[in-house]
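One chain, chain A, appears in both complexes that follow, with chain B as partner in the first and chain C in the second.
Entry: the complex of A and B
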């Protein structure tokens, strides 16, 4: 129920009165989106595929597949086809690579283009926000401006934001970043061929990718190793070397980033929804509802988190849920169940404070329903506190997922996962194949540091008077994994 | 409400928490799709034997009666027997064998975390925005972000390779006393320590040093997460206390620097550290699974992990119950410490 004041003009009209900044912004946006239109449609197709896959009986799978096939044909800027790196040496020059440069160079160019494009899009979005704020917003100032400004002055938080964005881009553009694809190199290596220059016969020969993998594994000493930033015997470039089974490590790592970040964000999202709804209910009705929630959440919090995760993963090991996305769905569900009490606990206090405010009484006496009061008058004030806690917990979840996969309980093959790669390379750390274990661990350390720094920035921006936050400190650790 | 009434209420609240937590465990292991009988029989599964075992173990009885038996046994500390890992061995015997190693590991991780983390944090807080503060703070943050299991693997490698890297100048294995890098600590010397010490003081000390050296790398890794936490909280707490009015007043009154730091800053800065220190119990229990796996220490975490993957239901239930008791006990300890340290507890409800 919004009352229109005299000064309020619809956004459309405000833009029409001063169209220039909006038009410039829209034109840049059209270019940026245009060069990637095919990829965006592909994502839509993939998402449709995910929905179909999760539904029982896979209805409409054929329609989705034809859609995906149709979309594949649209050329895009940031793609393996435009900047190809998988070529071969024919004795005098490279064949099939971007502009005929070496595969390593072509790959590097593509990585740079991907990041440049992604940062351009983010810059465009930020610019859109600033344009809106300067030219079209009805008011000069909102409390949210202060939050944004505080964050812009928070160097440590910005450092975290940049690291976080780097990893998010890695996850989003995973198919374009790898020197090879999941399909060809990791899932079905025996269905594809690769050409290479055979030194002995002085000829270009073809070999199945699977067989080439067998000959280029990293298992310690001497010729059984493909180090980072080198080519293997089949002329394929490996930025991070190969795994023990000869599959490209970098490709697995970028897809591992996708898996880890998705699990962390989705499970925190579900736990956040549960925690927020419950906080609204307990703060609104108080009394018995609150006592019951205290009891349940205290009991769940009194359980050792890692042990419960291990136990639940073992209990549901043989079920169909575990089959979905190699265990990712199960992990998300388990993490949501285990983590909501922590979220609820962290916002219970603010929710209570809000429920004592006069405007809640006013809303009630206006005859608004409980759910309206909770959604419109209470939740927005508590949401930011939840954001603080959730952003500080993401790193812990990433560590836990890696730890569980390291124990062989989390994400199972063939889906790549950082913790499992560490376990694979464990016995070769002291050998020339040190990269298999070391690099995933470094990536985890980097992304968790970045997420924690970002969380610190969010906390200081939203709530400058936040206390030392002992609970959130514990959340950032990952329960000891 | 007085402080002690508040404390008593917290203690009473922990009883339903233990009951409910144990119930969750029961629900997980008995209502879930895990079949204990096929776990016991393994590959020699046949319906007849399965039925036999089922009736022997009382799995035919209605679920509620199994539940009450389960709860009654645990709460009267009849902890039952292992079914799969060590059939016929009582949980008591298993815990007696495995627990000392975990306690030894936990003890040293707490010591390392407390005596490195808190002083570093306080030092950084007393010298804010200096290069050493930045190094300490940044180091603590990165240290905390490293996964324990990965850190453990890297440490094992580094220690085993030290000899090769330094051309044999320094090897961890032969340093002070000869040990392996990856090994369970030999804790035999703790059995009847006084008599052994009397009989052979030198040998006893030797064993003590050996066991400490054996556990040191694992304890360093396990203590790392809480060490980082304690450092950060310690730094913020000191910073906040320094800038508070009562410290200003004390300084104006001419309180000496030493007394100012120890009496006015240190004690107050400890208050926010209490939950971090007691919260270590969670990190230690959870982390013990990983660290014990990497360092081949067969302690409680290792025992729980193996009980879980082998579907050893009574052992899982018992260990979970004990872990819950430990954690609830630490929570009560935390409330007790609050009650003692902070006179404000209980006044604002």
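Entry: the complex of A and C
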């Protein structure tokens, strides 16, 4: 029968029958990946190096090193080398900058290119989803389509999504975004030199970065301040000014975004996995399992979170756990342990609701295993609720991490952290060096607001009944709850 | 169909081809757990057989335990006592691979088509899942089988990649039926499969079920509360009340001449399509007792219109007898209602509680009618007990005084007629009048 074959065609054949949309999409993808191929291979090389290091006897270490060296030579679009901003004025023109423009201009161009590239990649992925949905998907409608469509009509949620993406891009492309690098400016400033135009001698001179930093700190007074969007005495451009010790504030901010994002996402991920698994188990087996989970989670929830964090950080100070990733691993562990009960509590209700559905009984009646029942018939309904709660909690974790660093706990210096930047600049808030505290503070506020807006958007998309109900889509994506 | 042939068929079947045999099955729900051990007796000692290829209807009011019985047969609830033999094997103790094999042989169709299909899966995935679970042949053959099944139940195979949301209630029930058929079971439990559907769709689904039964030689347990549907589709019918099967037997015979008083009352509640036919409906008084605390004797004794009277009261006026039964019902209800906190406080303070006021109840019930002095004495005695918040003593007193065999002894399932019909009623014993005879006198 003709319809038999129609529903049986595998994806490859469906693409072969109508190749044009897929080809266009793939071509754009090839271009987008091609310009960053070097960077991707670099990541692969670094990972390979890590693997080799972990293996006993370091087999093939030389091969990996030569690979890394070869890969480093490939030019990439979004990199410091292609659009260089660290040059100097030789009295008549800029030397070493991108196309000979000013360092500020070169930096601005690079930031624009980074964001344009990142959004282009995301746009390409989105376009790929839409192409698949329109041309190749066997199913012409799924409950998830409604969720996506509802989110697309949610302005506040989209605002949150854009802020969140901006923040994530900042963390991912941190090395390319900073006007200088972590290594040169913050970690090893006395190992590197910088050239600058000396007005007095009318000559290009070199100075150690560390010494230059000493001369360009922001300490409140008029002559000891490098404000945002200005050059310091050594011809270096500082988009967000400098910190008290003369290090570039913007570079510290983008790398701080990495730490905050890693801690927030990983600890929420671990807490989410624990919470979701427990919710499945307690909702499926009920009774004693539920009672035990209630006891444990109540005990944990009874503890004041900040107290636990401070205590644990003090207790583990000086141990090897605290050394991992400048203390971030310890913080991640503590947050995971402290946060899972909140996640479990918030999805326990939906999980119990789903577990009462007839399709669970139906699955049991033909002998489906408990783990499969939980995975196929319960988790999909609960997962979206967890996503809402997790996205709303991410902001809270970012604030907590900043708060810990503000108190001098948490991430160890010199790894930059937003909370520590705020603490550093606190005494200069009412002085010309206001930017040290204010800019990180504003960024935290913006990011947390964005994450909350994103969470609101997801919630309204998943569960339209929770909203005022202007949408009258016949099919509700969160129908199970 | 001719009565004789079915009778002969049934006789041969009974002798050798029993697919399911249920003996003294009990399913109790323990929920208080640690403190109280007064379980809900949802199924309280049920025995019956189902023969291969027949359809047994299971009817009763909501809450009578018919769904729990179905779920226990499916092993979705654990049986408290008794045995369920499928093809000779007791399935209440199965585990491991035996249980998995059993899960293949027995399937269920659920009542609510909205809730019985996972909305996040396509129809193909839903119908395929049982095949996947039991590793049925190759994935390719499974997909083929699903498409066949979709056609068998009257859907189209391009529905494979649609979601349940895109279907109507009747179509969804067809999908549920296709899923139940996937593993080629012998026995299917239909838990009110049409009660959530429009009447026009109900008929189509019932016809589909009948066609499937003829095609695949299926055996059905058809749980329903719609008696017309049951009469249409079932060969035999079991009537449940308060966790017991009150009457079981061939459908036509039972609908024409109900033997058990409860069946009588239940059947008289079917609306008659012809308004010119005068029909005397028997309205039952009160509500069914709590399944936590079923009556000691016959389960139906608290509401039975033809309850046997003790010998000393056989001549008592019907009206008075009726009022005494109501009075006992009131006491039962009062005992069940647990006192609220304020009432307890009032009680402790020695104030009058809302629970008192027995005088008013007695006056209300017996004030306007002529009650013999002897009877009234007993009533007042019981009322005194109740006034002192000892309903239990009052009830025991009344049971001793006015109770009969119906209150004291649980009746056995007694044979009625010659077609293997069984009915749970003392009145089928030779020394009492048959229920139908008494009903006739009542109706006049």
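The working rule: the second predicted complex is superposed on the first by the 432 of 481 C-alpha atoms of A that agree within 3 Å, B and C clash if a C-alpha of one lies under 4 Å from a C-alpha of the other, contacts with A are read in each partner's own complex, and residues count from 1 in each chain.
Methods note: contacts are C-beta pairs under 8 Å (C-beta built on N, C-alpha and C of every residue); 3 or more make two chains touch, one makes a residue touch a chain.
The shown structure was predicted, so the numbers you read here are calculated from the model rather than taken from an experiment.
When the two structures are aligned on the shared chain, A:302 is found in touch with chain B, with no touch to chain C.
Looking at the shared chain after the overlay, A:351 reaches neither chain B nor chain C.
In the superposition on chain A, A:421 makes contact with neither chain B nor chain C. Applying the stated contact rule after C-alpha superposition, one finds that A:278 touches neither chain B nor chain C. With both complexes superposed, B is the one of chain B and chain C in contact with more chain A residues.
In the superposed model, A:315 lies in contact with chain B only, and not with chain C. Applying the stated contact rule after C-alpha superposition, one finds that A:374 touches neither chain B nor chain C.
Annotation: chain A residues 474, 479-480 touch chain B in one complex and chain C in the other. By the touch criterion given at the top, residues 3-4, 6-8, 138-143, 357-359, 361-369, 372, 376-377, 380-381, 474-475, 479-480 of chain A touch chain C in their complex. Chain contact summary for the complex, chain B toward chain A: residues 13-14, 16-18, 20-21, 24-25, 28-29, 32-34, 141-142, 144-151, 153-154, 156-157, 160-161, 222, 225-226, 228-229, 232-233, 236-237, 240, 272, 275-276, 279, 282-290, 293, 304-305, 308-309, 311, 316, 319-320, 323-324, 327-328, 331. Residues 295-296, 298-300, 302-308, 310-312, 314-319, 395, 399, 402-403, 406-407, 409, 419, 422, 426, 429-430, 434, 437-438, 440-441, 444-446, 448-449, 452-453, 467-468, 470-471, 473-474, 476-481 of chain A touch chain B in their complex. Interface residues of chain C facing chain A in the complex, by the touch rule stated above, are 71, 74, 76, 99-100, 103-104, 106-108, 110-112, 115-122, 129-130, 133-134, 143, 147, 156-158, 160-163, 165-166, 176, 179, 182-183.
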